[in-house]
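Once you've had a glance at the structure underneath, I'll fire off some questions.
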């Protein structure tokens, strides 16, 4: 097993781990969590029959979706109707490729240099995420348009407008974080937060970023594209079966991505606590962990778990908000985006720049 | 003694006057405008003792552009003439023009401003700018207060002169660039160009092309045959005061350009083209006179007489003799006075009868004796009777041209026939208007000169005789200037 | 890293550009026109980036940024115009945009 | 004013300015007071006294100037640093003599006119013009430069114009004035050219310098050529002003003016300006003998030509007008034969008797209430005795009856003609002499003898007119004494006096010459008497009949010269003018322009089809152009 | 053949193919889709060329912003074939294609010279970082080309204002709108 093979194996491992988690674990678990939390908030049981605590309910649903007939209404635009759910998953998955989920590591000496724990070792990950994130809109737009259903079209129109708008806000918010960290490399951003998480100097940015990611993922309170009461369910009204399943899947993957991004950008990624990094606790994230002497895996697992926990919190936040905050009206949504968040973002950039320049000078 | 700031006053005053007049409203317009014109005339008179003034301020140094103004005899007397005629035409217009009064007066001041700036500027770029700018006020004056065919006339006027100016622009640019090629630095100052081109004349071939581009523009402005057909139309349609300024000042810009720019810069080319240009001048002289004779429209008659007279001026210039140049310059002034006065006299009749048809009048010497006397004096000044201003100019031109090496003396003889032809059409005019029996009862209602008219015509008539009997006050400075210019022209070309 | 001659890249650039230009003339609706315009700009961008690589300086890349700035503006304004056109004519057929017919 | 030059300049300035001042004054007074009696009085007294002052000034100068003198007033035109023209007077025998004639005759005619113009609404205006004329004439006479002469030369033309068309309400009068001015202008053109040529040669236009330069000699052939041109020009000028062939046509028409005008301007003074000029510039002509030859021929031809026309004129003033032309021809004949003194002598005598004749005719016209046609006159010698007797002296003088002035001066010219041995000139001269006495006799007889054929009763003229007639008659009678030939015991004072400035072959003082001259005198007086006698018998009982033969119709219609000029020159010029206007300006130039305009209009109508409004087609054109550029760039590589 | 060459040729082929489809597909939405694909492929090509940052921007701006705008407008208008116009005729199409082909040939003639046939050099470190990286580009952009950068900003601002003005419609007065709509319905109702 030479170095190249180890590298390939490591690469494959990363892919497997992440995508396995994303599709095989997070998405089903999240569906379950969502339903359960919903039930909890609404003071009812939720799914609790299939498997322990109803955990297998999602699996059963998945099987059902896969086995259902592939319905295709007469009036739809055929190619795009099929294409839309497919390209819905692609960007979601692609964005995932640059999310680092742990500190660079030599895997206990397997490698001469520390390897990064992200699938594509891209040094402009932040931009990449933004770039790919902006593509999600296509699938929604196409889906609505291809369905040839006025609710769907309206839904997709709302979706595209909303996503473009809030993408700007999110981008502006993140620019200030980039300014603070001095890099667009996600790993370096995390490393720059060793002692001071970006949430403290960049609190304003976070305030902008948080609603923006809700809107980007079309989650309540910004789920106008699929507002059941107004548009039936918007762009995927005509979809059923696994095509619907893909949309469903992509939504949770996207949620995961943006949650991970929030953690990476603002909450120190895999770092332990604000002002208290692993290093100070005694964990050397780049090498052996003295606690377990010689065994290298926990050096990966401990920060990863910590990171996963943070992401999980954000996922829970999504769910929590969904069932507690009412939906915005569409014009409120737009004016919040264009008249509040974007100017605020610009102001934030100027402020941050000024502070940084001032700091450098003094 | 006046210093170079006097030039700034001279240039800027009419612009300011334009603005003041443009924003004046109501009954005050006329008086404000006329008093401004009078003040300007006085300012212009102040410069009489000035021999030469030069003002320069940097505009854009890398390209050698400057706010350069230069006053000498050549520009001074034309400025004086312009100020004088503007004053008189504005005074005349009082009570004649009623609509859009402020605009009317402002346009005349603007015209004055552009003309003066064009005369004074020492910078080719400025020269071109103001050369073009001159068209604009005149365009509006004819186009708004003109006669029934004014649109045709303004279009013709504008297209003719504009086409010429564009050609001149090419020439100006060539002059400018050649200087750069020769010296390695940019300059658009006429003086530095002149000095350079005198020291290092361009090849004759190049000179010719540049000269041609100049000459067409100037010839159209003058207007030289065969570019003259815009003139009768423009004159006929223009309001009286517009005609006065057009004939009295604007046409002079062409000949002034010849004397100031075209010939001194490119003497070789001027000598090369002098012969055909003289021929055109002679044709213009004779054609203008003969055609004038056959006109029934009084204004058209005078317009064609302008063609004839300005033919003399160009003849004097292109014959390339000092005496001829002095005569040509004097003739420019004379033409301004005489033709301006003639247009005013026609206007006097037109304002009362609203017709310019020569046959509508007759026997006015009985009804309007004072008018007839003034008309006769001006007419005889126009036909160059000795003792009037016209004679001095024409004599100098003819005597100068006769000595020229440029063209045969036979041409001078041919040109001099205009003395006869001029008498024919002018006496025709005087006879048809003043002599004979009055056929039209409407003419009985005409009023003769009142105070207003005397104010206008006494200075004009006085000038006719002052120049006729004592031209030295004008000729003296001009002669010195001409001598200065001729000292720069190679001996073999004179 | 890349071992093809610059001319191949330029051929590619020309090809994209010419397809864009052809599309620009063939299509009869304003939207497709704008789309083809983007294609042409993209073709130009390929050339810029290729030359940037050839000369190993960033000028080409920077020109790429300027080009996309223009492209973004152009598409935004163009689309706004199309919207207005649609509001007036209720279609986007270029045949109907012939008010300048001589 | 101790300096004699200063005194002279003051005196001569006064001489010239008095009429000019008068001109302004009379105009103002005439305007101010209308035609009131008082205005007329002021004007008439003023005008005559101003003229008298002027005359005495000239006389003073005449008596006080030895040889010649120059007075300069101020610089007029400066040509260049070397040469300028001044307002300056050249006082020499020639100019002073003419000056005396002008002011002297002028004074008399002013006096006459004050009676003649009595009651005319334009009384003030008339004297304005008349005084202006005298001013111009004095400028012409005394100016020491050709430009100054030209000022006078044109000035008299101008006044002539105003005076001919004095009664402007008649279209004819206005036309006659215009014709006079324009024809004169043709002559002036010659003058102008002469000035140019002389300036080219000598660089100055001051007469003394010019003549000095000519007399200094050593001229190159080129210069001689220019002098020849100048001489041609001067001859043309002289023919215009002095009404010689081919430019004489204006003079007969000029009779449209009031009669005093005809007397002063068109008989005594202005028309002699040509003679004066040629005499003044004689050194130039002496370099060009062939031009003198031509001048002599023109003079002779004009003399006989005009005389032949005069025979058939019925208008009394027309007869006198043609007579004037004819007599001027005599003078030019003399000048051409290098006898300027003779010419000048004839000029003076002619001024006297022709003025007399005109004024006499004016008296007749005045007496007959503006009747000018001789066919409506006759037998008025009883009614107007003074007029009759004075006119008779005039007629006899012009007819060459010895010893009246006309005989002496004409005989001198005939003498020179005879000795020139040119048979055609001799023939012209003697025939003219005969014709002159014939038509003058005709005039005399038709007017004063026979039956009265008019409409109005004749009356004698006022004293102011007849007195002038008497003075002039005396002058006409005795003026011959001025230059009575030495051969016949005279002193030839004029000859002596003028010799200083003009050259003339001196007469021989031999026996042979005496008999030869006596023979000539006999022949000439015989010719004169024969003419008068013939006229007496032919017209004694005139009742309206005329020569009927067709050949005479040509004479009667003045050889159709006016018609030929009109047809050949005026109409053609009109046509050319019209053609230039409509053809060159309207058709060629404006046609070209409008053609350009319409071609571009039409072309743009074609080209606008290229503007389909389809953007993509435009784009295709752009593209194709781009492609061609690319291809061009490649193929040029 | 190296792997990069293989990648390049396959990318090039796909780029050309998608470009052709952009030009040839009749419906705007299809063109847009193919164009998006084309941009992605081009982004890939840029990565091959070493311009990573450019590649990301290509996706972010072109695919992510500009094309979204297009798709958005296509959706907004929701055109049927009648509204987006008939197809050009065969003569016109073939003429245009022919000229396009000629242009390609002539352009290619221009670059088909030996000195342009040399292979691209290897990527070097520039002063500020690896060629094509964000550091390297931004150092040059914000130092040497800062004016171009600023002007680009101004152009964007102008476009922003311009589009705002173009797209702005006076909002109808609400009450009035309701009123008219009710009358319309009433009319419709009356008519039916």
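Just so it is clear, A, B, C, D and E label the chains in written order, and each chain counts residues from 1 on its own.
Here is the rule we use: a contact is a pair of C-beta atoms (placed from the backbone, for glycine too) under 8 Å apart; a residue touches a chain by one contact, two chains touch by 3 or more.
Everything quoted here is computed from the prediction, not taken from an experiment.
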Components of the interchain contact network lacking chain D: A, C, E | B
Set of chains adjacent to chain C and to chain D: E
Reaching chain D from chain A through chains that touch each other, fewest steps: 2
Greatest separation from chain A - chain, by CA centre: D
By count of C-beta pairs in contact, the leading pair of chains: C-E
Chain closest to the middle, measuring from C-alpha centroids that were averaged per chain: B
Label of the chain whose CA centroid is most distant from the centroid of chain C: D
Chain C and chain E, separation of their C-alpha mean positions in angstrom: 6
Averaged-CA centre spacing for the pair chain D and chain B, given as whole angstrom: 37
Distance between chain centroids, defined by C-alpha means - chain A, chain B (Å): 84
Mean-CA-position distance for chain E and chain A (Å): 27
Multi-chain contact sites of chain E, meaning residues that touch two or more partners: 53, 57, 65, 69, 74, 76, 96, 99, 103, 107
For chain A, residues that touch 2 or more chains besides their own: none
For chain D, residues contacting two or more additional chains: 620, 623
Chains touching one another, given as label pairs in label order: A-E, B-D, C-D, C-E, D-E
Residue ranges of chain E touching chain D (in the complex, touch as defined): 95-96, 99, 102-103, 106-107, 109-110
Parts of chain E lying in touch with chain A, wherever the complex brings them together: 29, 33, 36, 52-53, 56-57, 59-60, 63-65, 68-69, 71-72, 74-76, 78, 133-134
Partner chain C, residues of chain D touching it in the complex: 607-616, 619-620, 623
Residues of chain A touching chain E in the complex: 80, 83, 122-124, 127-128, 130-135, 137-138, 141-142, 144-145, 153, 156-157, 160-161, 163-164, 167, 184
Contacting residues of chain D [partner chain B, same complex]: 31, 74-81, 87, 147, 150-151, 153-155, 158, 161, 165, 168-171, 174-175, 178, 181-182, 185-186, 188-189, 192-193, 195-197, 199-200, 229, 573-574, 576-578, 580-581, 584-585, 588-590, 593
